[in-house]
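Both of the next two complexes hold chain A, though its partner changes from chain B to chain C.
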Partner chain A sequence: MAIAGFYLRRLYTIFKGEVLVLPSRVVVFLFFLAVLFLPIVTQDPYLLRILILTSIFAILAASWDLLSGFTGQLNFGHALFFGVGAYTSALLNLHARIPPSGSIPLGALAAVLAGLIIGIPCLRLRGTYLALTTLAFPIILMGIVFAIPSITGGELGVSGLDRLSRSRVSDYYITVVLMLGLCTIMWKITDSNTGVIFHAIREDELAVRTAGINTTRYKLLAFSLSGFFAGIAGGLYAHFMRIAGPSTLEVSMSFTVVIWAVFGGIVTIYGPVGAVFILFPVLEFLRFWPEFRMLMFAVVILFILLYMPDGLLPWLRDKIEEECPRCKIRNVATRKTCRVCTAPLD
Partner chain B sequence: MKRFGFVLGVLLAVCLVMTIGSPAWGAKVIKIGVIGPMKFVQGKGHWNGATLAAEEINAKGGIQVGKKKMKIELVKADSNEFLSMTDATNAMELAITRHKVDFLVGGFRTEAVLAMQDIAMDYKKIFIGCGAAHPKLCTRVAQNYDRYKYWFRGTPFNSMYLARTCFIHMATVGAILKKMLNIPKVKVAIVAEKAMWVDPMVAAAKGFIPKMGMEVAGIWRPSAVATDVTAELSAIQRAGAHMIFTTFSSSVGITFARQAGELKIPAAQVGINVEAQKDGFWDATEGMGNYVMTMNTYARGVEYNELTAPFVDKYIKKFAEVPTYTADTYAAIIYTLAPTIEEAGTLDADKLVAVLENRECMVPSGKIRYTKDTEGRHLHDLKWGPGYLTSLGTQWQDGKLKGVWPNRWKASKDAPEITYKGIVPYKIAPWIIDKYKK
Partner chain C sequence: MIIDIIISGLINGSVYALLAIGFSLIFGVARIVNIAHTAFYMVASYCIYYATHQMGVHPVLAMLVAIGLVTLIGLICYKLFIDPIREHEAAVLIATIALAIAMQEIMLLIFTGDFLSVPALVTGYLKIFEVKIAYQQLLTFAVALLILAGVWALLKKTRLGLAVRSTAQDREVANLMGMNESRVAMMTMAVSVGLAAFAGAVVVPLSVVHPHMWMHPLIMMMAVVVLGGLGSLKGSFVGAYILGLAESLVVFLIPMGAFLKGSVALSIMILVLLIRPEGLFGVAFEEER
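Now for the complex of A and B:
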């Protein structure tokens, strides 16, 4: 009992010292609580459906940020990973009767393979050339899908898949917990030494190479990791929708991911996640005005990008928090001095 | 006291007006979800047809359900399925769980309809498909009847029959060319837009044309949005084609017809040209689309039966255009759902399915009967053929879209000849006659 009390007190101390000191961390904490406890308040199937799809697309958007935001490998064909994950999971489920718990990870591994396959020829390309090359890959795969309809189902896709689980609430928890877990993992990767190297490659690849780091290996790692997470999103999508079709590979899917990431703020991981949690439900909410739904959506995005070029979430964060000019620790904007080094804040 | 009496009188009058003026009071309405890509012509057809049906039913006081009359309330659900499949499924779930619809009609893109079908089946809602033609939507019923029995095809008949009908049109025109112009072996150019849905059609045409005693002159695949097809047309002319089998759903249909008319290409156009089904085709081609033939569902003045003209006329009067096949949501509501509900006397989906799958009824585009597969399992697919649904072959003749098929058509040697009211003979373009008439 005493040990439990000790650990509880320690947990509270950490919580007080690490979470409550910064508004952004409080927001993240509240976000975790809100999504985890939502089904206690409501089990409305439509609302849960929207949040399930939001969670799936949040994983996808964060995985794009991991590759294109952090490593600077501009990928305009991210739907490839999503589609490969979706189709592989679907085919394994349908033909090999592998349940979603097995087919989704295997789909993600197939997406890793896809990441390596497109990563290798793209190693020598940068910027616009890389973006255009990556854009071609999902289109090529879509051509293959239509070329072998006996396997891929052609324009119909692969349908009749097993559900993620037996109830909407379980589906919700599976996707939300995976979203929270995978996005935390992605955030931790970017915060690790590997993440620092990803970041450095984006800033100056030559300097990184000069420092003796094998940038090829790290770039391929970024493609593979991004493919893995996007593949999981694809597998979840296929089993939730119970169909994996050519729409998972459409160009619009690739561009939507880029819009989410840029809207939320790239090189953050939390930015794209936040953006999906804002934009996807907003687009659904705008159904009350169907004629102008897409126009309103575009206006919101344009407005944000015009006034917040670094993305919405970093802009908000900068408004409520300030970085210490000496130790680079973030502080709540109302503080006069840094909470760690006591240096005066501007 | 006088004042109290006045207030009481006003209150009673208000209560009376509100009771009379609110038809939904005390009587639940039947909610029908109309789901489709509402920003596109297909979705507009869904909505227009359903609106017409609801207005007609409500004007008669509603549908008799047991002992009470219930009015219809339509719920518009924009599936946006051409652009986003996720949107389509969300719209379906929204219609069922928030708007509490009792029935659903619509759907167009097969991939999206498959996903929407699953959602409707989860909630055991009768969903009458009015757009997607793929057979798989119905084979699901046979394979898993308990789950998919709430799905019924409303329009069109399945894609196998669509292709078959197109080939019949081709054979019909081929026979006319052969007979009138003494062409020993008709050569057919296959021209299909570059789109995935067309690929199986091209492959089938390539296989069937020789079986029909004709010859394939070549295959051309212009872009679906091409603005110039003169190269293809020149090549078709050089290949000596007498007939062009077109498969167009996009704007290339206008370009192709206009330029073929301008160049007076001596080959008759037959097949599917969605643009040529629209009223604006004549103006869009500046009259150069004369003699283009396309498969169609409705045309001014052509009657499958006694229900066709009233529907087409009412539709043209209200929406100033000829109905497209997705407007058959009208038939799905007024001739399929409403009589079934009245017959069963309930809104219970399971009881309605039992009545509906055995119904045979006239609709403006023919007669509906739901089929079974070779093993006798219910498919809930539509019966195609003489006496049931056949569609039309329509041809532009001097600014008017005329029905030209079926004209004394015999489905088999022993079958009776079929000619719908208002059908006129097929016309060969004068420049084709000039070229081949010996």
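Now for the complex of A and C:
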């Protein structure tokens, strides 16, 4: 009893010292709570459906950020990973009768393979060349999909897959928990040594290579990691919608991912996730004016970029938090002195 | 058959060349990856449709008006949305994607998603080896070549062209030599959007006009630019004809070819890049560090 009390008190101290001190961490904590406990408040299937799709696309947007935001390898063909994941898990499920718990990871592995295959030619290119070349791969695959309709279903796609689970609420929990878990893993990766090297590759690849680091290997690693997470998103999408169609490979899909990530703020992981959670439901609720939906989406993005070109969430974060000039630790904007080194903030 | 392939390949190739040169110009000078480039081409096609069908203007006049109008729209969009965020490359990219989507949606609202068409400027056809070649096709091809020659002259023979080329080579040094970089970028944007509008004008009598017509040329244009080498006019020119001919070969010779035309063209691009990472005629840009 006393030990339990001790650990609880310690947990509370850590919580107070690490989470409550910064508004951004409080927001993340509240976000976790909100998405985990939402089904207790409402079980409206339509709302749950929107949130499931939002979570799937949040994984996708975050995985784009992991590759393109962190290592700076602009990938315009992210739909390739999504589509490969979706089609592989759909075909495995339909023909080999593998349940979703097996077909989604296998789909993700196929996406890793795709990442390696496109990574090897692409790593010789840089910057805009790379961006424009990666755009080509999903289109090539889409041509193949259309050319062999006997296997891929052509324009109609592969349909009639198993459900993710029995009920909508358990679907919701599977995707949301996966989303929270995978995004945390991605955030941890970017925070690790590997993540530091990714950062460095974006800033100055030559310097990283001079430091004796095999940048090609790290870039391939970024391609496969990103492909893995995007492949999981694709598999989840296929099993939730119960269809894997050519729409998963479209150019507009790749572009939408880029829009989400840049709108939310690249090189953050939380930025793209937040952006999807803002933009996707908003777009869904704008369905009352279907003809103005995409137009408003585009106009909102244009105007937000004019005022916050670094993305929405980093901009908001800079408004409520301030970096200590001496020890580089973040503080609430209302504080006069730094919470760690007591240097005056201004 | 062979003549059909050559004709459609040459016409596609010239349109891609017009688009790709405009795209690589603005990329070279201002480092803007303008996804909205082909959206301007679509808007120009719609302007011509509107002027000829709704207002009854003569097609040639309609084309000239459309080119002027679209160039103006392009400059306004540039000033309003792209110029203020020039230093954030990712943001510029998204801004151009959003612009393209916005234009597509506006056209969808005004003209609905119907497939529209504009009558040919000249009717009648020529017969070579039992193959019909419409005069319109020849006209399109000739005009496209003429414009390409005009662009070449503008870049190589005028002071503006000199400024554009030197800014593309090294922005900072060009600035030090007294060239107003932002004005050069502005002029290049005008030329680039004008070329896109021209491409729309030459292609509109031969194709259907619909709000999604910018997608396929966008992809092909990017492939051409990468294949030929970013910033190389000769490369864009050669690359455009290679991909245009490849596309029509696939369409005519392979069953289900219409689905595969994009794939084959893009595979050619990737194969070339495997051998020459900077494209056929690529000039390595200075490392920006």
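Here, the second predicted complex is superposed on the first by the 346 of 346 C-alpha atoms of A that agree within 3 Å, B and C clash if a C-alpha of one lies under 4 Å from a C-alpha of the other, contacts with A are read in each partner's own complex, and residues count from 1 in each chain.
One rule holds for everything that comes next: contacts are C-beta pairs under 8 Å (C-beta built on N, C-alpha and C of every residue); 3 or more make two chains touch, one makes a residue touch a chain.
This is a predicted model, so every value here is computed, not measured.
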Combined model on chain A: chain C and chain B, fit or clash: clash
Chain touching more of chain A, residue-wise (chain B, chain C): C
Chain B versus chain C as contact partner of A:284, first or second or both or neither: first
Partner chain(s) touched by A:262 [first = chain B, second = chain C, both, neither]: second
Which of chain B and chain C A:177 touches, first, second, both or neither: neither
Chain B versus chain C as contact partner of A:129, first or second or both or neither: second
First, second, both or neither for A:19, with chain B first and chain C second: neither
First, second, both or neither for A:295, with chain B first and chain C second: second
Contacts of A:146 with chain B and chain C, given as first, second, both or neither: both
Chain C collision site on chain B, chosen from 222-230, 294-302 or 330-338, when both complexes are overlaid on chain A: 222-230
Those residues of chain A which chain B touches in one complex and chain C touches in the other: 146, 291
Residues of chain A touching chain B in the complex: 44-46, 49-50, 53, 146, 154-157, 159-160, 241-243, 245-247, 252, 284, 287, 290-291, 293
Chain C residues touching chain A - in the complex, by the definition given at the top: 27, 33, 35, 81, 84-85, 88, 90-91, 93-95, 97-99, 101-102, 104-106, 108-109, 215, 218-219, 222-223, 225-226, 230, 256, 259-264, 266-267, 269-270, 273-274, 277-279, 287, 289
Partner chain A, residues of chain B touching it in the complex: 38-39, 76, 78, 83-86, 89-91, 93-94, 97-98, 110-112, 114-115, 118, 134, 136, 140, 196-197, 199
In the complex, chain A residues that touch chain C: 74, 121, 124-125, 128-129, 131-133, 135-137, 139-144, 146-147, 204, 206, 251, 255, 258-259, 262-263, 266, 291-292, 294-295, 297-299, 301-302, 305-306, 309-310
